[in-house]
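The chains carry the letters A, B, C and D, assigned in the order they are written, with residues numbered from 1 in each.
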Amino acid sequence: MDYQAILDRVHAAVKPVIGSGKVASYIPELAKVAPNQFGIAIVDLEGNVYQAGDAEMSFSIQSISKLFGLTLAFHLEGDSVWSRVGREPSGTPFNSLVQLEQERGKPRNPFINAGALVVTDMLLTHYASRGGTENALIKFIRKLADKMDIGYDRAVAESEQRTSHRNAAMASFMKSFGNLNNDVSDVIEAYCRNCAIAMNCVDLARAVTFLANHGVVPWSSEKILDASSAKRINALMLTCGTYDAAGDFAFRVGLPAKSGVGGGIVALMPGECGICVWSPALEASGNSYAGSVALEMLTSMSGRSVF
Amino acid sequence: MDYQAILDRVHAAVKPVIGSGKVASYIPELAKVAPNQFGIAIVDLEGNVYQAGDAEMSFSIQSISKLFGLTLAFHLEGDSVWSRVGREPSGTPFNSLVQLEQERGKPRNPFINAGALVVTDMLLTHYASRGGTENALIKFIRKLADKMDIGYDRAVAESEQRTSHRNAAMASFMKSFGNLNNDVSDVIEAYCRNCAIAMNCVDLARAVTFLANHGVVPWSSEKILDASSAKRINALMLTCGTYDAAGDFAFRVGLPAKSGVGGGIVALMPGECGICVWSPALEASGNSYAGSVALEMLTSMSGRSVF
Amino acid sequence: MDYQAILDRVHAAVKPVIGSGKVASYIPELAKVAPNQFGIAIVDLEGNVYQAGDAEMSFSIQSISKLFGLTLAFHLEGDSVWSRVGREPSGTPFNSLVQLEQERGKPRNPFINAGALVVTDMLLTHYASRGGTENALIKFIRKLADKMDIGYDRAVAESEQRTSHRNAAMASFMKSFGNLNNDVSDVIEAYCRNCAIAMNCVDLARAVTFLANHGVVPWSSEKILDASSAKRINALMLTCGTYDAAGDFAFRVGLPAKSGVGGGIVALMPGECGICVWSPALEASGNSYAGSVALEMLTSMSGRSVF
Amino acid sequence: MDYQAILDRVHAAVKPVIGSGKVASYIPELAKVAPNQFGIAIVDLEGNVYQAGDAEMSFSIQSISKLFGLTLAFHLEGDSVWSRVGREPSGTPFNSLVQLEQERGKPRNPFINAGALVVTDMLLTHYASRGGTENALIKFIRKLADKMDIGYDRAVAESEQRTSHRNAAMASFMKSFGNLNNDVSDVIEAYCRNCAIAMNCVDLARAVTFLANHGVVPWSSEKILDASSAKRINALMLTCGTYDAAGDFAFRVGLPAKSGVGGGIVALMPGECGICVWSPALEASGNSYAGSVALEMLTSMSGRSVF
């Protein structure tokens, strides 16, 4: 498939809607990002890179870090992860406490905030005596993306931490149910740092390619997950990866994907390629508006989806 | 792929768990079904049939009728269907009224009871002057399954209707929000009749094969849906087809599927085949226990899933 | 206490706010009532009547009928009433189904719609072989109000019935939990008829005076309830009688009261008198706006409340 | 009225149920209290004390401190209190977050935990430059109870603080809605200290007598609240003072009351006396079981209630 030609067509076609929607405003640092940006990249299983627009512009990966955090925890802990976090779509906004009360402190899935806090707690415990999650998750992502100079944006992390009372509420709430082992403030700090990791479309597309390749990083042949586990992460992305719009996203796009309020969305075509699109203005559920449209165009034009 | 060999292996491997779980008891007629039964069938795009166990034993399709109802409504009405019913996983049991209140009478998706009641209402209105939904939906299924003697079980339909106060509650509730045009009792009657349609695994596997074939019935070449619409129905099955266990089902099985409390589950491998498995005893979410296990084995053994 | 002087002062003081708020519009017949009306009446334990404004203008008693229905059921069945309906404030709007789901079909109290439907069901069963609730409740009210020509407004009853899908939803829902014995349509019909009973302020003030007199109708010496039961009904009015504004109402007014969306509010001063105020325009919770203000003035000016 | 004779009769009659129920166990220090204790005291408007049982045994006042906190805040801030906390019964358990989400961080009333946290926050802000709430609230209570050696139990305060993740969750949650001005940890610390205040029945009965006396402390003639405000606090106690059993409590007892999980309940008869009963074993809603029964007996035997 001629990915470059498709990306060029998508880029041209998506232009009228770039900037439609609203840049995330609850984190002051994110609110400063100019909405009129758009980038897209594909990395195939041979490592070839295809890109269009601002694909090398760095942005805050935000909730996309939840995918890497889960992958690392699943890699380290295996199925015991699921004793503390579920695998079901939530049917409610990403930061709801209602469901957490009904289900007694066990978050519905690892891609809503509560679930990612539990995963962060697991990683904190795992790395307690090994120098902290901070380096661990970033090192892991560097390996997946095959790039050493990935880091996080301190200003974003601090901005996020100052406004994360709701995440603190969820963490305290889970702690009251016995589903958090570390201090709430430590978990929040690590969580905010992970959300503030800065990457571009090319790096992110490369970093998820192993999920299109049965869990193996194509260029290094390192096995991150076995084939069955990789398939399962993909399934989880499809059912839970785009907040409370996952059903609609699957309906329109039909690819496993994970979005972040920084405007990035990673996706993948199993057996073919990793994908990342970015445009900062969001639709009501918190997914990039132009990014979603671009992915829908991509699957329509290429005739590819998982279905 | 040697489907017959795989079905035989699945059948042998699943034996220890056949009968585990509980037969649906809220409909008296269903409670009489013996739990120790199991059948499975595959129909490929050439129409070849593969089967094991009680694959020609007739059972009550129950919520699988929601898939056919939606397909018919989508076929007739196109995207206007989505103005009255959503496409998101519900995150709650299949018969909850809570969400319906929060979302002001618009059901989250067409595969929960509330959504199927709205779809039934659409079909009733459409066929009002044309002899009723009863024949319409059964005729549609006969065409898909290429079999003329499919009908519904009067005793089950009546048993269901006598105990459908909760469905009546949902229908009245939606009517209070203006999302039901026909009389509540007419909608309930049609809905119960559709649930009481009796089919076997071979018929059901055949009836869903068009969804694995871009919307075209392979043996008649009749186009039921265009390729894009068929893909979308599959996406909806994956995210919403197995009640509040859809995330877990996608995680373990990774195929679009729709289950019913009669113990049947239809599924499909895009581009390959239609599938149906049946075993009456259910897990807590209302899906066939042995049936789910069998489908998980099938994807593990065949190495096939959509991911 | 000089009730007439106080009523005159209240009437004068309340004038600026008469008509503020909104006349109930969900029942078409009620929407026709002119908002600029106001009446108030007090009946003391000797039967003396004090009144001001449109106190002899007839209006639809609506939810005030819930008070009479409960009294009659409590009179007939005693404490067994409480096995089917609770005694707690609901903390939610009067027609919510959410709580009903959480509490498995047992309404929180007899003054929300769901609770009144259960009470209506009890009365229907009791009078099944005795000529129906219709006459029973009206006869009971005639006796309390010492007036023979009280009846119900057929146009209002029918208007209400045509738009009572939500009440039908609640009734069906409770039936699904086994907490309704009669047909949903029969319960709804009786319920709507009871709501459509037409009375004026003087009649209503007289009809509740027994609750200020330890359960005994002063002029006939008939004991409707024993002193302890009368006290309990009063407690229930204070905690649950004014929809989801009961706390605020107790805070501001401090008297047991029951309101209806027709704009009437009955209240009482234990040991002193029965009270009724009426003004059709409602505040957001469904209580008469000017009526609430008038009762607040009444307790401020008289220095009387239960506290 | 011969209070002493009534207390003696109540004490004798309640004996069979003393110890029924469960001592609060979520705070380890409280779990150590022996369940078989019972005390009751009445203080009339002349300051006469009547008592029976363990009425001078000190216990942890727990949520009864919410009454004193609210009184102090209302005394200091007047009606502006109600811009941050409501006056409606909650209809849910005392520590629910669900309602807080629906009502966007404004607690339903000051007697549920969330509401008391907001009141504590108000007091912290008020006393920030004046030596802290700690002394302020205790000094206030000492004045009301006319007793200088009232303090708090450090072991209970620390035990409570170590297990107050759920309260921290609520505080963080309200902070996310902008309804908390101080640091979460400072609010929690002050809140736990207030709950750990230790008093006996005689002191507590005396401390609430001003609420039976139009807001004036009888022995010092100090006006704490004006008559209207005192009446309003009483109304709030009746509708919201006994957790999610307030309706039932009003129904059975019919007096304004506030309970704590330490087993104490304060109540009052307007115009007559302050009351306190204590017995550590609780019913399901968190109110003293024997204490509730004793108060019901007291109103039955004395023929007094507000209704």
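Brief remarks on what is shown
Rule of thumb we're sticking to: a residue touches a chain if its C-beta (ideal position, glycine included) is under 8 Å from a C-beta of that chain, and two chains touch if they have at least 3 such contacts.
Please read these numbers as outputs of a predicted model, since none were measured by experiment.
As for how the two copies chain A and chain B face one another, over half of their interface residue numbers coincide. Comparing the centres of all chains, each the average of its CA atoms, the largest separation from chain C belongs to A. The interface of C-D is repeated, with over half of its contact pairs matching by residue number, by A-B among A-B, A-D or B-C.
Distance from the chain A centre to the chain D centre is 48 Å, each centre being the mean of its Cα atoms. With each centre defined as the average position of its C-alpha atoms, the distance from chain A to chain B rounds to 32 Å. Chain B and chain D, compared by their mean Cα positions, are separated by 55 Å. Looking at which chains touch one another, you get A-B, A-D, B-C, C-D. The touching residues of chain D, counted against chain C in their complex, run 86-92, 99, 108-109, 227-228, 230-232, 234-236, 238-240, 244-248, 250-252, 254, 256, 270, 300, 303, 305-307.
Those residues of chain C that touch chain B in the shared complex are 96-98, 100-101, 165-166, 168-173, 175-176, 184.
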